[in-house]
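The first chain written gets the first letter, and so on, giving A, B, C and D; residue counts start at 1 in each chain.
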Amino acid sequence: MIKVGIIGSTGYAGEELVRLLVNHEQANIKFCYSKKFASKKYHEVYKNFFNIIDKECVEDDLLKLSKEVDVIFTATPQGYLAGILNDEILSNCKIIDLSADFRLKDVAVYEKWYKIEHKTPQYLNEAVYGLCEINREKIKTTRLLANPGCYTTCSILTLAPLLKNGIVDENSIIVDAKSGVSGAGRNEKIDKLFCEVNESVKAYSIGVHRHTPEIEEQLSYLLGKNVVINFIPHLIPMNRGILASAYANLKGKYNYQDIKNIYQEFYKGEKFVRLLDENVYPETRCVRASNYIDINFKIDERTNRILAFGAIDNLVKGAAGQAIQNMNLMFNLPEDMGLNAVPTIL
Amino acid sequence: MIKVGIIGSTGYAGEELVRLLVNHEQANIKFCYSKKFASKKYHEVYKNFFNIIDKECVEDDLLKLSKEVDVIFTATPQGYLAGILNDEILSNCKIIDLSADFRLKDVAVYEKWYKIEHKTPQYLNEAVYGLCEINREKIKTTRLLANPGCYTTCSILTLAPLLKNGIVDENSIIVDAKSGVSGAGRNEKIDKLFCEVNESVKAYSIGVHRHTPEIEEQLSYLLGKNVVINFIPHLIPMNRGILASAYANLKGKYNYQDIKNIYQEFYKGEKFVRLLDENVYPETRCVRASNYIDINFKIDERTNRILAFGAIDNLVKGAAGQAIQNMNLMFNLPEDMGLNAVPTIL
Amino acid sequence: MIKVGIIGSTGYAGEELVRLLVNHEQANIKFCYSKKFASKKYHEVYKNFFNIIDKECVEDDLLKLSKEVDVIFTATPQGYLAGILNDEILSNCKIIDLSADFRLKDVAVYEKWYKIEHKTPQYLNEAVYGLCEINREKIKTTRLLANPGCYTTCSILTLAPLLKNGIVDENSIIVDAKSGVSGAGRNEKIDKLFCEVNESVKAYSIGVHRHTPEIEEQLSYLLGKNVVINFIPHLIPMNRGILASAYANLKGKYNYQDIKNIYQEFYKGEKFVRLLDENVYPETRCVRASNYIDINFKIDERTNRILAFGAIDNLVKGAAGQAIQNMNLMFNLPEDMGLNAVPTIL
Amino acid sequence: MIKVGIIGSTGYAGEELVRLLVNHEQANIKFCYSKKFASKKYHEVYKNFFNIIDKECVEDDLLKLSKEVDVIFTATPQGYLAGILNDEILSNCKIIDLSADFRLKDVAVYEKWYKIEHKTPQYLNEAVYGLCEINREKIKTTRLLANPGCYTTCSILTLAPLLKNGIVDENSIIVDAKSGVSGAGRNEKIDKLFCEVNESVKAYSIGVHRHTPEIEEQLSYLLGKNVVINFIPHLIPMNRGILASAYANLKGKYNYQDIKNIYQEFYKGEKFVRLLDENVYPETRCVRASNYIDINFKIDERTNRILAFGAIDNLVKGAAGQAIQNMNLMFNLPEDMGLNAVPTIL
């Protein structure tokens, strides 16, 4: 059994980690760390866990905790892990970081978009970007895993085969993304109150959303040269789910099957990537509470543009599920262990 | 492995049966019966099953199908099973009926509330009412299981210990229930369209809801004499969940712990019944997509009335989950097999 | 033109006051008072007012402000007005208080349920409870109007004719109420975040909700003797609307038309009370954004109980609309001025 | 008083026409035509009108009805009006058609996208496209008004100043639109049931949505040459509202104020077009139940692309409100008569 600790366990991604790990046959949750709710029962914070988890939330020294477990998940605000990480911790246990601290290789880009100083850039090089379908082999051996963002997971996987095969104009890429509200986290802000979000839709963080450089960096690796995109997130009145609608100009003439072949080749054997049948398009409900991403696309012949769509559950494939998929890889377990739930379409 | 067939597999309860049985380690789905979608792929009807189930929906003769499986779930309209059941079918396989056909022992009551003739009343006596927490021993040996209704499961379990112990005035019971929209099924009616249900609440079937006599019958067994109640269902703009708010006059003076003891005794060892801590009350989200019922109550000293609350997921504990719990009992499997999902609070 | 000031203008009830008063042909908004957003443009706080109101929010001395207007609406937390009211203010302008400070005649009851000291009980006697359909004549001449609570307006109007005519057992009354989330106000609490409320239903403030004594006091006046009830509020995932489901034992045998006559007589000429046709029941969407209350009932012959239902928009008839209806009466204007919007059913 | 008839009065756009016309001081509704609900009381179909409208729905000969009124609104399926229109009708009364029958000047384009034969193309030339902000003068004198579609109104108004001034590459335009569910109308389809739409988001009619050629035609007029775009609609779990997110490459270098000036000049004096302050972006709730369109944009310097956003209420500015705005113009009334409601942000 893998001994697991969760820091930031009372945020929404933290809750999903606990929910999924409780039924993971090789994981044993040793502690649920929460600064805000320290010494409260975990099931008092999230009442779905009544009679399931009896632990109290703890707050403690990270170094000390690192000695008690095999792996720590940090579902924490930006800057927390980078501010505290050191060699001793990393020699004690593996770290799967759900924050953005170690996702971007270029510290200047991090500091520009996140507007905080990075305290431990020396670990950036070592950190592995944990998008399993892209980086599987590196993930298996790392001790510092940077778990991708929710929007980025959805956007990159939707576009990756196109970039890898160089069939779209890299200057034409626009990602219009739609997210449920849980992506914004569990903090008391007026603009996340029920009555402010319900029955409305809006774009936000227009031109400045922090997931932009993360998508660009990964797409650039795939293409082999620099990619700059527009990424425009929208808030949707629902709890879970992200739909990425990605638009790009095709460099040549292709029919549906040409490009479908490219996707199928790229995602061959990938259990969690579902390439839908022609004319069937992703809906977030079809992946809800599961680790799948559903993908499909349409070629618009009038404009020779590809319209590609990807849907994930932002809390699962976009956060906790992918983190566990990474853990499975890092501990040499079957990659889908604990992640086999059928989406709850209702 | 138990060979399983599902009739009415493309309704909402049918979908949940498939969803839960796919991951049940001792069940093997042999057929998904759907009159409406016969010969369509199941995953075309419910796209969450893409790459998970490749079966086509079938429509066939029940007798023939009964020879191919160990158990058939009928998630069908009232009157279907009663209109077709016979000895040969029952000798071929067990039946777990999610309709109301065999829930009420008195055929006259059935015909009065459902306004259809009962074609096979000869099986009413044999049928076992499948509320596991009440009828566990009988369930284990039956071949015809009447799976309780969603409202009834929630209402009866919320009130059962009070009736069993005779501490409330049986003439004072009112159940004000609130249900998500999936309880109404998947049929094309104007009053179930999104824009007709969203952002509104209403009572419906006032005084005539068919779950009324079912609740009354079971409460009467518990009390040992006839119980007549008011049951008032309300429609809530959400997909899943039932909250039953039950009110009754106490016959004597009790404090919270007195009655808590009664509940604890009654539900001793029941995994799926969670008696919440004092002053913590059920919320439907805390049981979502799980087989739990959460229960708690308050004694109002000003009126000497008990205000008791129960919450379930209408599609799981109120339908498919309980049906599988019954199947587990009927096939001598661990009662919670396939039913261990943690509620998805988000 | 009536010069109007609004204190607490940036809460939800405050916003509705502004929304309705902007189009009121005899009202002229002089100031929007907001402690939290002082010196911000009102349309920065509520962006629906862009190009409609150009005022900044102010914070100032109440006495000074009282000299500038004919009437002040206080949509403020409990205790604010009671803590500051004096003769000079009341001689300068009329006050319509949307808080509970002057609703209950008995200061001990106020202090018990609200758990704050009442600083100016000397005005309790003078204050008029502003339920127009009950207290119309007194309202016309008062200078201190206590605008009823949202739940109370709905509950009292649903039950009033029954109490007035003494046809129900006053010891049997239960009100199970369902409210949208705007009733809880605009404050940053975790339990009002979108993801905590959406897709769930729960009871809250069980046995201790502060609207209980207010309903009881008014029902007691109607009956002519003391009434104690159970009032159980529930939170519904929608923005607006309250449905009160009220249950009581009938003292004699009545048919539907007997009691319909009682309601019709009681509410004769009341424009905003709509007594629906037999078998048509209130839905909150049918009164949304309007000042109507829709009412109907069913007699359950099996239990000889009446099941009565009332629906309002909590922000209009339950707060701002009723406050303006009161203003119209206090300034001798047509009672429905500015309140003629047809409900937005969609 | 203008005598008004409404055909298709029981669809969602029809309901909004009735709702707004009831309080229009110069309109008098003579008949509510409904094939489906003929001889039912209108308030039985839409219960918000109880005690407000006592009319029965009628079904009758259009020619006969045309003699009884000054204007007829046709909120009918595509093909209805084109199949029945003749000179005599048009000589009897004006027609404001909310269907697409007379929006596109080229009958071949109509027949290609709508896949129905146009029976009366001889009226296409006479018909005026009723986007008031673009075609005001022509609207004033026409007797056949083609009321724009909901998506088209929002998309065109969001982009118009850019095209008119030729500052974007017309081959680069992508409109990613998000709509509430009422836009899909009131028909009993499984995919519009509450549980199928709630808590999910999806794109639909990808590459084939019928509003595409309508947007293209109007943008082409503005630019003075042919425009081909991608238009991708998405379904959002809310009743009302459309947000159009429009993306285009700028032909030159501009700062925010440069382009703001262009918008301000283009929409000078337009009451219903609100150009928001810099860094404030449209949200559909801010225009709900009103006739406003809120617009703003951002220039992304990294890609030299403009990201423009427009929000309307699809049932008001996108249908019934704009139709009444057109009626006002056609009958020489103040353009905003009956359209002054403040958006209901809650």
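Just so it is clear, a contact is a pair of C-beta atoms (placed from the backbone, for glycine too) under 8 Å apart; a residue touches a chain by one contact, two chains touch by 3 or more.
As the structure is a prediction and not an experimental result, all values here were calculated from the model.
S.K.: Half is the threshold here, strictly exceeded: which of A-B, A-C or B-C has more than half of its contact pairs identical to A-D by residue number?
M.R.: B-C
S.K.: When chain B meets its copy chain C, do both sides use mostly the same residue numbers (more than half shared) or mostly different ones?
M.R.: Counting shared over all numbers used gives more than one half: same.
S.K.: Using the touch rule from the top, work out which pair, C-D or B-D, shares more C-beta pairs.
M.R.: Greater number of contacting C-beta pairs: C-D.
S.K.: On a C-alpha centroid basis, what's the spacing between chain C and chain D, in Å?
M.R.: 36
S.K.: Quick one: report the Å distance separating chain B from chain C, using the average Cα coordinate of each chain.
M.R.: 39
S.K.: Averaged over CA atoms, how far is the centre of chain B from the centre of chain D? Could you give it in whole Å?
M.R.: Averaging C-alpha atoms per chain gives centres 46 Å apart.
S.K.: Where in chain A do residues touch two or more other chains at once?
M.R.: Residues 12, 182, 195, 198-199, 237-240, 283, 285-286, 288, 346 of chain A each touch two or more of the other chains.
S.K.: Can you tell me which positions in chain C touch chain B when the two form their complex?
M.R.: Its residues touching chain B are 171-172, 174, 176, 178, 180, 195, 198-204, 206-207, 228-230, 232, 234, 236-241, 243, 245, 247, 281-286, 288, 298, 300, 302-303, 305, 307, 309, 311, 346.
S.K.: Note which residues of chain D are touching chain B in the complex, please.
M.R.: Those residues of chain D that touch chain B are 12, 181-182, 186, 188-190, 192-199, 237-239.
S.K.: Help me check something: in the complex, which residues belonging to chain A touch chain B?
M.R.: 12, 15-16, 19, 22-23, 44, 46-52, 182, 199, 239-240, 274, 276-277, 280, 283, 285-290, 294, 315, 340-346
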